[in-house]
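The chains carry the letters A, B, C and D, assigned in the order they are written, with residues numbered from 1 in each.
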Amino acid sequence: MDEFEIERTGSVELTDPVLVEGLPGVGHVGKLAAEHLLKELKSDLVGRIYSTHFPPQVGVEEGLTELANAELHTITADEAELLVVTGNHQARDAPGHYGLAETVLDVAEDAGVREVYTLGGIPTGELIEEYDVVAAATTEDKRTALEDRGLVEFREGEPAGGIVGVSGLLLGLGDRRSIPAACLMGETSGYLVDPKSARAVLEVLQDVLGFEIEFDSLEQRAEEMEAVVRKIQEMDDGAAAAEEDLRYIG
Amino acid sequence: MDEFEIERTGSVELTDPVLVEGLPGVGHVGKLAAEHLLKELKSDLVGRIYSTHFPPQVGVEEGLTELANAELHTITADEAELLVVTGNHQARDAPGHYGLAETVLDVAEDAGVREVYTLGGIPTGELIEEYDVVAAATTEDKRTALEDRGLVEFREGEPAGGIVGVSGLLLGLGDRRSIPAACLMGETSGYLVDPKSARAVLEVLQDVLGFEIEFDSLEQRAEEMEAVVRKIQEMDDGAAAAEEDLRYIG
Amino acid sequence: MDEFEIERTGSVELTDPVLVEGLPGVGHVGKLAAEHLLKELKSDLVGRIYSTHFPPQVGVEEGLTELANAELHTITADEAELLVVTGNHQARDAPGHYGLAETVLDVAEDAGVREVYTLGGIPTGELIEEYDVVAAATTEDKRTALEDRGLVEFREGEPAGGIVGVSGLLLGLGDRRSIPAACLMGETSGYLVDPKSARAVLEVLQDVLGFEIEFDSLEQRAEEMEAVVRKIQEMDDGAAAAEEDLRYIG
Amino acid sequence: MDEFEIERTGSVELTDPVLVEGLPGVGHVGKLAAEHLLKELKSDLVGRIYSTHFPPQVGVEEGLTELANAELHTITADEAELLVVTGNHQARDAPGHYGLAETVLDVAEDAGVREVYTLGGIPTGELIEEYDVVAAATTEDKRTALEDRGLVEFREGEPAGGIVGVSGLLLGLGDRRSIPAACLMGETSGYLVDPKSARAVLEVLQDVLGFEIEFDSLEQRAEEMEAVVRKIQEMDDGAAAAEEDLRYIG
């Protein structure tokens, strides 16, 4: 097996697609958002990316195994044409992150992608009341376009450590290929898988790309999460213990 | 030396072989099972795989050294023809796991292997009374065939973290080559080298492949282990301390 | 993307340049010093080095992203012609450090560089009153030349662990290309980003290379740091706690 | 720079040389032994091996830097012709260990080497009174030849974890090239740099290869070490504390 292998399972038949990426990360916001798109909109699996930089394992569902991979789906919804990248794994090392991002961009360019949106969470360290979305972009034009819609914030010095992983590299490497790109980051505590943050990110995305989806299932999942949180808070003697207990319940 | 090198020490003369893998892992179940096959049945060493991804070391036995490797043996027993992979080491990094699995599959395809069984343990976190065997398969046909024999369980969401290492990748990468494959995982506490779990796995394997072996030596080893456990439990003040002490006694 | 890629953003038009390197390290002394040169002297960005061995991330400034890289600037000041390498990242692994240093030397040789100065800090473990500069060189000629100026010390057995990272490798690999090189290391506690140490290093460099710069902005930053330190010391119950609190405030 | 580079600084003019390796390891026994050979016998530096798998650093001695490397010296003494490999570093990863050992064997084969001795320590966990030497060999002939001299022991199951690093791989990979090889391991506590253990190893080596050296300087270093140990033991309240304090004083 090569370091990165693309397995095509269908042809991409889109005329003006946008790449949307949501892989595991802070609060699993990006992954939840991308999976919600696949759940709510008609999608076609067009390919999988395998890599020796993914964890050396198979997932098991109902007794059937699947080699670690990233999935590529196409979606046509209202005005929008999407090529969506999602999956259960990030690469395990720096060259793996770079190579995975390059491989995704190869597929995207091949499919005629004109711009890129990567989805993720930005950790605040505390439970969120109102889910703002922070953005970053590769070009001033893109930043201005997003700013003008009034739905996202560009904050001085945020995210503090930059944008790590494929969500960041699709911007950095996309820019080197002159593909405009932006990252939409939903605020999230960082302690919980966060469906509400995913909704906040998707509300921006549907406005920007011109499509509409339902959020009922995401909202229901958020309520289930909140019920768990309430239960733990009731049982809780103090904030520190709670943080420990809540870490990535999902 | 190349990253992976096959040293052939004999020719594989089997007409319809099945690949069986047992390398170190949880409870050393897979390794114990594969080694028991080699002990009880007439076997021929047909090759070794060396790799720069194995630990950089030689083992020493009776003053003689042997470079870290995985061994390939052939076995003919009753109706079954086996190509067995075993050894003392797993690869040390993700590309090493992928490369080792691919190398094993290269040898297996070359030998005309038609299906793959990987052997391992599934940790329960507590001492086991009855040793169930959990399975996972690459295809529905294979899953159905195993289910129909009534000897293994396919459990929703188990193993929780997927199947890691060569035991998992032989399924994932085997599937990409259209070789049907299954993993048989014996329940084991995860704290001890577990000969009884290895026996449970082998009982399934002999039924599936159509051969019979003795388990006396494995049973004797299990009794020795149990004597050690009893002794420690007698000395023990509490469960937590015991778990610590028993970790991988073998 | 290749492991190391040079993106040229301008041509190097220097007749007798010296390479000066300042990347993150102990007390961020080298990085502070190199950035101060770029701030005080007229400079041209002539290139960037990207690498799959850099952290897989983009930095974000005012909402705009930049892929992790090392920057190459040219400076002409008084008698001196400088090719300056700086940036926010070191490589993440040994082959990355070697490859980055080789790539910098390729650019430097291409630009006609005749000697190399790398800038860094040498940790003392205690707060510094007088900032001495310790040096190391690749050749006896270079050592003698530096010694004769009376501004640096060559100390037996210092730095104890050698010089790690690109600052060290530009000497070691430069020497293999017969490019004379020296490392200037400002004493620093090791607990704080240290502008005073950076000034001490630059005072040596300007004497050696024949240029003059202002230190006001560096001095101001040092005063801000010292105000923070005083505040913490006032609040402090003991030395041990202070060390912990001060670790890399910057 | 390639992953492994040989820099030749002289020609090897030996007719029947033996390779002797002593790199850093348990008790620094191998390194001390190899360096003592270079100190006591007339030697010529014939080459250096550089590698991107060595630590990314230069050592500094008297203000002059040297890129991390392994040195190759030739020695002619009495009946013996030696090609000695020593240095301050081991490779930092598994492929580095394999590659370094292969590179050393390439040089050795090129020089007509007919057998290999690697030198190291075997940790006992307690202070040693009488320094036995444990051996391991690649062939039964070699083991028998060493056994017959009565100076070394071949112990069942020792060293427990095999022989790790270049000392082990020169045997494992040497064997694959049909070069007979043995490892001589001096018993050592594992807490101290151990010149007495190095002497024990060299006494075996000089008997086997037919040369004689003085041990005065090694003995003096051992006495200095023992003075330090006595001092610490006097100050010491208990064995546990002492072990902690003595860790790798040298």
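One rule holds for everything that comes next: contacts are C-beta pairs under 8 Å (C-beta built on N, C-alpha and C of every residue); 3 or more make two chains touch, one makes a residue touch a chain.
Just so you know, these numbers come straight off a predicted model, no measurement behind them.
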item: Shared chain contacts [subunit C and subunit D, defined touch]; value: none
item: Equivalent interface positions on subunit B and subunit D, same or different at half; value: different
item: Computed distance of Cα centres, subunit D from subunit A, in Å; value: 52
item: Distance from subunit B to subunit A - Cα centre to Cα centre, in angstrom; value: 37
item: Subunit B: positions in contact with at least two other chains; value: none
item: Every chain pair in contact, whichever chains are involved; value: A-B, A-C, B-D, C-D
item: Subunit C residues within the subunit A interface of the complex; value: 1, 3, 7, 50, 52-68, 92-93, 96
item: Subunit D - residues contacting subunit B, complex; value: 91, 94-95, 97-99, 101-102, 135-140, 143, 154-159, 161-166, 168-169, 171-173, 175-176, 183
